[in-house]
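Chains: A, B, C, D, E and F, in written order; residue numbering restarts at 1 for each.
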Amino acid sequence: MRPSGRDLSEMRAVSIDTDVTKHAEGSCLIKIGDTHVLCTASLEERVPPFIKGSGLGWVTAEYGMLPRSTSSRMRREAAAGKQGGRTVEIQRLIGRSLRAGVDRVALGERQITVDCDVLQADGGTRCAAITGGWVALRLAVNKLMKAGDVLSDPLLSPVAAVSCGIYAGQPVLDLDYPEDSAAGVDGNFVMRGDGRLIEVQMSAEGAAFSREELDTLMGLADLGVQNLVAVQKAAVA
Amino acid sequence: MRPSGRDLSEMRAVSIDTDVTKHAEGSCLIKIGDTHVLCTASLEERVPPFIKGSGLGWVTAEYGMLPRSTSSRMRREAAAGKQGGRTVEIQRLIGRSLRAGVDRVALGERQITVDCDVLQADGGTRCAAITGGWVALRLAVNKLMKAGDVLSDPLLSPVAAVSCGIYAGQPVLDLDYPEDSAAGVDGNFVMRGDGRLIEVQMSAEGAAFSREELDTLMGLADLGVQNLVAVQKAAVA
Amino acid sequence: MRPSGRDLSEMRAVSIDTDVTKHAEGSCLIKIGDTHVLCTASLEERVPPFIKGSGLGWVTAEYGMLPRSTSSRMRREAAAGKQGGRTVEIQRLIGRSLRAGVDRVALGERQITVDCDVLQADGGTRCAAITGGWVALRLAVNKLMKAGDVLSDPLLSPVAAVSCGIYAGQPVLDLDYPEDSAAGVDGNFVMRGDGRLIEVQMSAEGAAFSREELDTLMGLADLGVQNLVAVQKAAVA
Amino acid sequence: MRPSGRDLSEMRAVSIDTDVTKHAEGSCLIKIGDTHVLCTASLEERVPPFIKGSGLGWVTAEYGMLPRSTSSRMRREAAAGKQGGRTVEIQRLIGRSLRAGVDRVALGERQITVDCDVLQADGGTRCAAITGGWVALRLAVNKLMKAGDVLSDPLLSPVAAVSCGIYAGQPVLDLDYPEDSAAGVDGNFVMRGDGRLIEVQMSAEGAAFSREELDTLMGLADLGVQNLVAVQKAAVA
Amino acid sequence: MRPSGRDLSEMRAVSIDTDVTKHAEGSCLIKIGDTHVLCTASLEERVPPFIKGSGLGWVTAEYGMLPRSTSSRMRREAAAGKQGGRTVEIQRLIGRSLRAGVDRVALGERQITVDCDVLQADGGTRCAAITGGWVALRLAVNKLMKAGDVLSDPLLSPVAAVSCGIYAGQPVLDLDYPEDSAAGVDGNFVMRGDGRLIEVQMSAEGAAFSREELDTLMGLADLGVQNLVAVQKAAVA
Amino acid sequence: MRPSGRDLSEMRAVSIDTDVTKHAEGSCLIKIGDTHVLCTASLEERVPPFIKGSGLGWVTAEYGMLPRSTSSRMRREAAAGKQGGRTVEIQRLIGRSLRAGVDRVALGERQITVDCDVLQADGGTRCAAITGGWVALRLAVNKLMKAGDVLSDPLLSPVAAVSCGIYAGQPVLDLDYPEDSAAGVDGNFVMRGDGRLIEVQMSAEGAAFSREELDTLMGLADLGVQNLVAVQKAAVA
């Protein structure tokens, strides 16, 4: 029934290659099916003005799509002179999600910027960005710890995200682009490794959903995130 | 326990005054406690390029805060030269939420822009904007129907929104600013008049939540939206 | 002869409600006929770089129109990415006018920003903004004086403004929108409470005027400003 | 008493060289003392969208200052990414002033853009721009008439402008920069060749003025404009 | 003597992987040592306004660096709100260079946009972008020819580019970042497959060079480009 | 054979008038045929952040064209809200070229900004800007030396630039606009007074060139620059 022939609760193949760029403190290339996102974590020994002197660290994220990561070429945001609303919304979500797994006292007064750049898109780029972004963050923090710059681990838990939705009347896990563009209800679940929720975003376009349906989707998401967390752990091991 | 002395499931006082500006096709001033939002609906007999010729209508929204709607003055976005990420995120949510209650075929190839401008802020401005925005939209559509420009009602259902969160360890309904800035978990529920969900956005900052907690919050939201829909109905009667 | 049936030297009804927002140090809603402007005065204990350390205070103003304050919806300036030329021109006028009534030594090294946001427009918004802006400023300064932060009153005189023009060959006071858009000659007079002039801006579009006509208009303006100053005084009493 | 030693009603030396650039349909370099403005008039056989099909013509103006036209270098507006408020205000004034002397029916559906670029500034640049701008416009219109593209002269009258102010307690004509920066009251008078007024802009900074003072300044302006119109006529003869 | 231990006329290892993204009509990942650039060619059946109706085709290019492609993180240009001067300069060079190898009549009225995004930078990114960009272009044009949309081959010759410079007093081929930042004289040579020149850009910073030195560098460039063209041909075979 | 009737190696008439504006520390108006560029050098006792405290000076340049310096009016860059790619490319070239002739230690920690504004364009504006810019720089540095602010001359050599190209199959010196727009190969040579090269930029549009042709053009450039340096020396004598 799904365009890809997958089962309702079947994710696409997931792989995470680490240390893919020589400059970044942490980096990975995450592939979730045909969605490929390059994630880097950059460490700076300075923080934004609003927390200067607080002793707290900061984790933030930026997101971009290469112009031809999509089926027809998009305008380059740097050429357009601004980031679009969707980009801004996504990068705020990534930053909030990653921060929810960080002990900012333990991190100390420094900033880690996670850049998530989509090389190829086929649905679910923001979830891939969060999942891969956490791996890049983990690797960068490992360097800090190995150098003795932080003493206790500032990462409380893995953070991963997956999309779910109602496609052709059925609840499905991990929507690809054909499903995403046809689904009346879909959203993203960001969770910690222990299954607790960090962010739920579910929305209907030209439709509505019940509390029961949300519950079913959350069950699927739980499965998906467990899978992703296992891949994350293997990647950073 | 709540700073305002309200019960956990008690909303602030809600009022909606309609037809508050002489130019807009529909308008209202919604007050939810000390949060005051002026909502106008503007009708145009043209649609955005991407649906030209499709016969479908479009509903979109814009959101702004007056510089001194807040406790300390914010920079005017027009002077800053761009809308901030939060503004963009909110106005996309309002637009999506209102469209979820619209039959775009019945509306016909025309556009209604709902402007939500916050005159005074005390938490929950985006929920007030959705709830008041729907009233403005309803009044504008009434004019279209009275003029015979649309034949069947394009509004499928009222749309209203309320915030919930976990404040000081307790699930609470309709957070005001002091609660909102202290809550570790909070979010917004957008629903139709029949209780079905249109959008759920729940996020944790420096915390996480369980599926059971989400369920409890959804119950509170249900109560709140029923209340708001009753006020909406009285306002447009 | 006037569309509204008013006499040549008759102003529209004027009202000023004070303390209309809970956050601003001073605020009012001024209504001049169907022109409604929300004015707030925000106090900050810092000044712009160019007077830092001078001991002098600063008063500045910003102006905006809600998108549907006008008969057809205007583009939101924040979305357009810049303030239009008319907006810039008006807010510079408001700032200059208000400063002309301020003793900047007595104010001390602090800044008051007066925001004038047009909720509904029907001609004469800049004059209403100046007149209402002065009331908001007066109320904010009162707070400073009551708190003992300034010792002698920095406000030298009330400042108010009114428009005049030649409509259908006749000199008229306080043009509404139908008159404003048809008048070949019109302008604004900003005056102090004692009748001395602060700013005169009179311009002709597709026409010209004589010194005698300017003199007649100035006589009308004198009447109008006396009226406005009386309303200001009552409002802040 | 004046820094330059001039009498109260004495203008600076005025010269206008015409046809100073080979590309523009009309051009001149106007020098008013040490204020030098290059004015060009560019003809285009198209009009702005808002008058398309109306049969009416349009005259508009743009204004700029070279970065080092002033005593200390100003930031280049193109590099800053926008025109400042003062620039916008001035170019709107120039455009309005020139249009006030144009019969837009006689001009026909075409546009003339007058660019006024300040090569060297010493006070009064906007008045020089209007006065020189009219000469450039006159020369461009002459070409149109010679070519038979317009049949009756669209220029109703010369348009010229001069500044006046109260400097050291005395009314003075044509302020140079040292006077301009010290004057508490100053402004600009734009007039037609027959002495009728097109625009009056008089403003006080930290001061106020009486109707009598305005009258005296207007008398000075009258003298100044007669002088300028004579130079304009000689230049285009 | 070179930091990398290479001989003066020795290039870094070069590889070109083709068809690396599923959406673009042509694509490759070019690696020149540690400089990695992802190049895509996007075909559109429309041309820029200035050649509409001319029957001629257009090839253009855009260039970007991922924020952490460099040793310390650069600001994302989309977030900064504009492309920097260096970016603009480079993408104009890439576009000009590629067009020099295109028969625009044979291409027909369509546009190909070549996007060159630097994933990892170690000197010579613009040369890698031109060399890889030509491969992406070749692959996209092959599709057009296979589909019968163009009849004769619009690509006249391969186009490739290499940098040369004077490092530590010696002429060297293909500078990496440590050499590039220390060289007093360096530049880029863009050539066709037959050795004829398309673009020469040689510049000195705090130094100067003789015609003899330029001649020596050109000899090195000749070698380098022959090498690159061989790799290009193998990649597209 | 050349549109102007000039010999292949014949430059246009060159003149440089110095001290043309009263405010700038150094200034000139350079005319190369019908190309007229106003160059000013502005001295500031501060440097950009990246060299603060280094003891080194900085020379930078900005470039602009008046809107009607060209045959049809160009959009004003300040109104467009940004400098175009061509402008950015040119002003970076001017800055680099001038710095190549400066001993930044001898200059000391101060900045000189050279503004090059094209009053009238007929090809070769960037070369005129470099040649005239150096004269303005020389005059400003002379003032510094006369005042004893710098002890040894920071200007190592004159810097001048000329364009060459292949027009109608023939190598020509100093292209005017008709030649420039028709030439398949053209470029700019920036040299010091001793004939050593600072920058070579040669590019082909729809063509290619051989090393022999480049050599011939360089010979022409050599002649041209010798001529320009003689005029520079006379102007600053």
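Convention: a contact is a pair of C-beta atoms (placed from the backbone, for glycine too) under 8 Å apart; a residue touches a chain by one contact, two chains touch by 3 or more.
Just so you know, these numbers come straight off a predicted model, no measurement behind them.
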| item | value |
| --- | --- |
| Graph distance between chain D and chain E, where chains that touch are linked | 2 |
| Steps needed, at minimum, to go from chain C to chain E via contacts | 3 |
| Farthest chain (mean CA position) relative to chain C | E |
| Centroid spacing, where centroids are CA-atom means, of chain C and chain F in whole angstrom | 50 |
| Chain centre separation in whole Å, for chain E relative to chain A (CA means) | 33 |
| Centre-of-Cα separation between chain F and chain E, whole angstrom | 28 |
| Residues within chain C bordering two or more other chains | 81-82 |
| Starting from chain A, with chain B taken as the next chain, the full ring order | A, B, C, D, F, E |
| Residues of chain C touching chain B in the complex | 21-24, 27, 34, 38, 40, 42, 44, 62, 64, 66-73, 76-83, 87, 113, 115, 117, 119-121 |
| List of chain F residues in touch with chain E within their complex | 82, 85-86, 88-89, 91-92, 96, 99-100, 104, 187, 192, 196-211, 214-215, 218 |
